[in-house]
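Look at the two complexes coming up: subunit A is in both, with subunit B in one and subunit C in the other.
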Partner chain A sequence: MQKMSFTRGKLLGSSHHWRGYATFMIAVILAVLILPLFAPHDPHTVQFLYRLKPPSFDYPLGTDAMGRCVLSRLLYGARLTTASAMAVVVCASLIGSLIGAIAGMVGGVLDRAMMRFCEGMSVFPALAICMIIAGTLGLGLKAVIIALMCVHWTDYARVVRNAVIVERSKPYVMAAVALGARRHRIAVRHILPNIIGPLLTLSAYSMSWAILAFAGLSFLGLGVEPGTPEWGLMIAESRNYLRDYPRLVLAPGLTIAAFVVAVNLLGDMLGDRFRVRQINYLH
Partner chain B sequence: MASRLIARMTHALILLFVVSVVGFALLRLMPGDFAEILLMAQMDGTLPDASQVQQFAASNGLDDPLPQQYARWLFALLQGDLGKSFITDEPIINDIALRLGQSLILAVLSLVTALAIAVPLGVLCARYPGSKIDRIAGMISVIGMSIPNFWYALLLALLFSLVLGWLPTGGHGTWAHAVLPTLVIATSVAGVLSRYVRGSLLEELSKPYIRTAKAKGASRLRTVLRHAIPNIAPGLLTFSGMQFARIFDGMIIVETLFAWPGIGRFLVESLLNRDYPAIQACFLLVAASYILVNLAVDIAIALYDPRTREIV
Partner chain C sequence: MIKRTLLGVAIAALALGTFGATSQDAKASDDNTLIIGTMWESQPLAMKPRRSRFFNESEILDTLVKLDYDLKPVPGLATSWERVSPTVWRFNLRGNVVFHDGTKLDAEAVKFSLERVVALLPYAADLLNIKSMTAVSPLVLEIENTEPYAALPNQLTDAITVVYAKSSFDEAGDFVKPVGTGPWKFEEYRKQDRTIVTRFDGYWGEKPALEKIVYRYIPDHNSRTLALEAGEIDFVTNMLPSDVKRLSKDADFKVYEQPTSGLYYGAFNAGDKSPLSDVRIRRAVNALVDRNLIVEGALDGIGEPAWEFFAPEFDWAPQADSKYSLNPERAASLLTDAGYEKTDGKWTKDGEQLTLRILSYTSRTEMPMITEAMAALLNQQGIATDVQMYTWGGMLDLVKRGEYDISVVFWTPEMTGHPDLHLKSQFHSKAGLNYQFWENTEFDAAVDTGRTLDAGTEKDATYKKAMNILHDDAPIIPLVHKVFVVASTKDVKGYRIHPSGFFFDFKNVSK
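And then the complex of A and B:
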C-alpha cells in the first residue's frame, strides 16, 4: 500500500495536481447541476407579449424574439453544452486511449497503420466530417455526440501512443518486465498512471474543441433540435435581429468565448503542472 | 526524384481508393434500406410497399453483392456520374461544377490574404521575441482560437455592413462581396500560420549560417529575407497545405452566413434536405481535393528544394 501511493504520488498524488483536476470537475458539476438553478425563468416559455424586451430586473439579459428569457436560456445552455462536451471527451478519450495504448505497446505494422490513419484524420476538415457523420446518422443530439466522438478519438490515440512509447523505454518498465509482469499489467498498472498528465491536459483542450464544434454544428442547424436552449442555436435564431438587437447575438457568443477561454486556460495550467509541452490547442 | 514522386502518387492513389470505398459505404450505412430510400425519393416521398422495393432493387442491381455494386458505382463515378439529386432530380455533377469555382476563389483569396498577414507578422515577432508586438500577437492568436468563427463573422458583418454600411451582408458577384468571407477565413488561418512562421524562423535564426552571414556584414533585413526565409519556405508550404482543413471548415460557416454559393453551403443544404447522393458527392470532393492538395504540395517542395530531390 505504502509503495503504491509512492509511485502514484509522483504525478497524481501531490496536492497541486489534484487541485487542477478537482477545479475542473467542480466547474463541470457546477455548470451541469447548479447553474440552471439560478435561472429566473423557464427557458422554454414562449411569451409573445414580452418579445425583444430590453434587460430589466425581471429579465436580466432581456428576452429574445419569442419572448424567452435570455439569461435562463444561457444557463440551461451551459448544462447542455457541458454535458455533451463531457460525453464526447469521456468516450473519445476511452476509445482513443485504448487504441493508442495498443498501438504503442504492440508496435510494428499495426502501430504504423494506426498512426498513418490518425495523422490523416488530424488534417482532414473535422467540421465537414462531423456534419456528414451526423447527417448520415439522422441528426439530433445523439448523432452529433457520436459524430464528434468519431472524429476526435484519433487525437487521444496519437497522444497516448506517443506517451506510451516514451514511457516504455524507461527503466521502471524494464524493472516490471524483469519482475515478470505481463503486458496488460504493465500498461494498466505502470504506464497508465505515468501518462495521466498528458491525458488530462489533452482532455481540457479537447473539451474546448468539443464545445466549439458542438456550437458550430447547432449554429448551422445540424445539431440540437430547434428551440433547444443551446448557445450556437441561440446565435442562429437571433441572426435576423443582428442590426436592431445585437445583444441577442453578443450574449451567447461572449458566453461561448468565456467558457472556451476558461477551459483552454485550465489546459495551459495542467500542461504547466505536468510539464506537457507537445500538446496544443486543437482548433 | 522520379521514384520519390511515383511513390507519392501511389500513396495518393491508395488513399483515393480508400476514400471511394468510404464514400460508397456512406450511403449504405445510413439507417433504413437503401433501395427503399432511393425509390421513395423518386416517388416524391410516398412510402413504397415491399414488392415495389424488391422489384426496384432487382431492376437496378441493388441485390447484387456489394463489391459488384461498388465496381459499377466506381466505373460511373470515373465517368463523372455522381448520381442524381433527391431534391432537384438533376445530375449532381452540374451543381458541383457551378459551385466549385466559387469555393476555389474563396479558398485562394483566403490563403493569399492569410499569408500576406502571417508572414510579415511572424517575421516581426521572431525578429523581436518578447517585445510588445510579439506578446500582443501571441495573445490575439490565443483569443482568436477560443472564439467561435461563426460568431466572429457575425460581429464583422454587424460592424462593416450594418453599422458602417461599407460592405454587402451577403451574396456574390462583385469583389466587395468577397471581402468579409475572405477576411473571416484568412484571419483564422493567419493566427496559426504566424505562430508557425515565428517558431520556425526563431529556430532558423539561431543556426550557425545566420551567424556567418551576419559576420560577413549582411544587414538584419538581408539575413532574414535572403538567408532564413528561403530555408523555412518548404516547411511553410507544407504547413499551408495542412491548413486545407481549417479553410474548408471556415468555408462551410462563411458560405452559409454570407450566402456565398460554394461547396460548403451546398454541403449544409444537402444535409438539411437529407439529399444523400449530394452529401456523398461533397464527401468525395472534399476528400479528393485534400489528397490532391497534399500531393501538389509535395511535388512543389520537390521542385523547389534540391535537397529533397536527392533523398530517394
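And then the complex of A and C:
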C-alpha cells in the first residue's frame, strides 16, 4: 500500500491514471462532437403550429414555446456549453499557471504583488465581475468566455504558486539547483510534472464551475444570442412556462445538474488518485 | 465534495422550482385595503417623464382634463374649456377643490404646477406648446399657445400634466413628494417594495369605498401571479399569457381583458448604417412577417395582430388607406428590385446574405419572445438575423448611435385621445425620441399642422396623409396591438380596465 502511493506521488500518478484522464476527456470531446448527430431535428427550426407539444415519438422531449425540438436543442447545447467551458478552463489554466509559476519561482515583491492582486480579485463575487466585464465588452459568446477567464485565472495562479513554493524547497529541486540548472528549466522540467496532479484536479472542478457560470450568465441574458440552443438560455426562455410546462425548465436544468455532478465526480476521482488533500479554492 | 455538490444542486433546483415570493407579511388583509402587484416599481418620490405616470394612474394627482372609457375628454379639475382666440384656451376650474395639504386649488396653483412640469420634464414643453399662462380670476386660467393649438385639451389628459400642490416641491423648485387633489393621498414608500396610498376625505368627487391601496412591486411575472393565487395580493397586472389562460378557468379569480392602443413594433434604422435605409427593404420586411403567428407563438394568442399603426378599435385614431399584409411575392419583387437575389433560399447581394441586427430589451418579459418570433419568421424567408437583448438603457445607447437595423419596442399607450402625441414625438424628424434617422418633410408638415386643427375634415385629411406616408415609407413594422390583462380575486368588485392601459380608477372598486 505504502509502496504504491509512494510511486504515485513521485511519478505524478502511474501511467494508467493518465490514460484514464485522457480517455475520459477524449470521450467527452467525441461525445460533444457526435451528440448533435443524434439530434432528431434541427434545433433552430421554429414551428409555430407545433408549439408546446408533449413528448412523443417524433419529439422525445416535446417542443418548446416556439415549436422547437427540446431534445435536439439539449444535444446541440452540450456542444456549445462544453466547448465554451473548456475554452475558459484551458485559457484560464494556461494564463493562471504561468503567472502562478512566475510568482512562485521569482518570489519577493513580484510574488507579493501578484498574490495581493489575486486575493483582491477573489474578494468580489466572480459572477458580478463577469457581468461587468461582459457588459463592457458587449454581448456575445466571446465576451462571456473572456469574462469568465478574467476572473478564473487567479484560482490557478494561487494553486500553482503555492505548489511551486512547496516543491521548490524539496531536495530534488535543490539537487537540480546545485547542479546549476537554470530557473526556467527547473520550473518546466522538474516542478511542473510534479504539480500537474493538483492542476488537473483543479481543472475538473473549474470545468464544472465554468459550466454553471456560463449557464448562469446565459440565463441572465449575457452570452449567446437569443434562440441559440444553450442550456442556461433554454431555462431563461422557458421560465414563463414554468407553471404549465415544467418539463421545459426541468430538461435543461437537470441536464446541467447531471453534467456538473459528473464533472465533479471526475474531479474527486482525480483528487483521490493524485492525493490532493484540499482543493478549496473554488467558490 | 460530492455531498456539497449534490446539496448545491438540490438547493438550486428548489430555488428554480419555487421562484416564489412566500413572505408571510401581507395576507390580503381586510375589506378596506386593496393590495396590487405591479410589474414596474411605482417610485412616487421621483418625477420623471415615464415614472410620474404613476401619479395619474393611481389618482394621487388629477389632470385638468380626463379621458372617459371611450377616450373622450371629460372634465377633471377643469369643468369646461373653450377657445377664446385661435391661440388662447380658457379653462374654468372646479371650485371647492383642496389639495392633500389643505391648500385650495386655484388658477395660480395650476399655473405654478404646469410651469414646474414644463421645467422639470423634457418633453412637456413640446406636448403643451405654452407661450404664456394667465390666471384671469381665481377659477379661470387662460393658456396662450405659440400657434393655434386645437390639441391642447387632449394633451392635458397626459399623465405628465397632473396638477401638483406647491408643497410637492422644495424652495429650489425641485420635486419632493406628490401632493395632489386626487381621491388617494400618498402615505408611504418603501424602496423596491411598496407604495401605500390612503383615502383622502376632502376629495372633490365621490368618496371611494376603499380606505387604503398598497402597490406592491413584484417584478417577476411568475411570483406576481403566484402571490395572487396564494392570497397575498388582491390584484395583479401584466400577467403572463399562460397564467391568463389558467386563471380564466378558475372561479376564484376574475380576469379582465381589454384592447389598448399599446403597440409592439420594430423600429427600422433608416440611416446610412443599415440596409433598411432602402425603403424597398423596409416594405419587404413588412410583407414577410406573419403577425398572426407572432401573436400565437410569442403571446399565446393574447394580443391583436398589428397590420397598421393605430389599433382599429379607436375611432379617434386616423388610419392609412391601406394596411400591410403577408405577401411574400411582393416582398420578393421588392428585394429583387433592391438588388438582392435568392439563392439556396437566402437573399444575397454581392455574395453576402441580407442580415438584420435586431435589438430589444428584457425588462418586459414578452419582448424576447416577440423579437425571437419575428427573427424566426424572417429566417424562414431567407433573411438572416442577429438578435441581441439588452437592458432598455443598453439598447438605447446602440440605437442612438445607429448601431442596429431593427429595435423591437413597446410604445406605452399614453393616449390622449389625439394622434399628435404618438406621431409627433416618435416620427417627426425633430422629435427627441426619433432615433430612427427617418426624415420625411411632408410627414413633418402634416403632423405640425394636424395639432393646430379643430376636429373636422381638414384635420382628418391631414392625419390621413400623415398615416399614408407612415404606411408607404414604412419606418416601422407594427407587430402586435396589446391586449391589456389584469386579474383579481373574485371578491374585488367594480373594476374596469381603462383603455389607456394606464389608469387604475379604483374609486369605484370595493371588496
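Assume the second predicted complex is superposed on the first by the 259 of 283 C-alpha atoms of A that agree within 3 Å, B and C clash if a C-alpha of one lies under 4 Å from a C-alpha of the other, contacts with A are read in each partner's own complex, and residues count from 1 in each chain.
Just so we're on the same page, a residue touches a chain if its C-beta (ideal position, glycine included) is under 8 Å from a C-beta of that chain, and two chains touch if they have at least 3 such contacts.
Everything numeric in this text was worked out from a predicted model, so none of it was measured.
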When subunit B and subunit C are modelled together on subunit A, clash or fit: clash
First, second, both or neither for A:Ile132, with subunit B first and subunit C second: first
Partner chain(s) touched by A:Val123 [first = subunit B, second = subunit C, both, neither]: first
Partner chain in contact with A:Ile235 - subunit B first, subunit C second, else both or neither: both
First (subunit B), second (subunit C), both or neither touched by A:Ala215: first
Partner chain in contact with A:Val260 - subunit B first, subunit C second, else both or neither: both
Touched partner set for A:Gly227, first subunit B, second subunit C, both or neither: second
First, second, both or neither for A:Cys69, with subunit B first and subunit C second: neither
Which superposed partner A:Leu270 touches (first subunit B, second subunit C, both, neither): neither
Touched partner set for A:Arg243, first subunit B, second subunit C, both or neither: both
Offending stretch of subunit B which, after superposing on A, collides with subunit C (from 21-29, 165-173 or 201-209): 165-173
Residues on subunit A lying within both footprints (that of subunit B and that of subunit C): 135, 139, 208, 221, 235, 239, 242-243, 246, 249, 253, 257, 260-261, 264
Residue ranges of subunit A in contact with subunit B within the complex: 120, 123-128, 131-132, 134-139, 208, 212, 215-216, 219-222, 232, 235, 239, 242-243, 246, 249, 252-253, 256-257, 260-261, 264, 281, 283
Sites on subunit B touched by subunit A in the complex: 15, 26, 29-31, 142-143, 145-151, 154-155, 157-158, 162, 242, 244-246, 248-249, 252-253, 256, 264, 267-268, 270-272, 274, 276, 279, 282-283, 286-287, 290, 294
Subunit C-facing residues of subunit A, complex: 44, 46, 48, 51, 65-67, 135, 139, 208, 221, 225-227, 235, 237, 239-246, 249, 253, 257, 260-261, 264-265, 267-268, 271
Touch list for subunit C against partner subunit A, complex: 1-2, 5-6, 9, 12-13, 16-17, 19, 221-222, 240, 242-243, 245-246, 293, 296-298, 362, 365, 368-369, 371-373, 375-377, 379-380, 386-390, 394
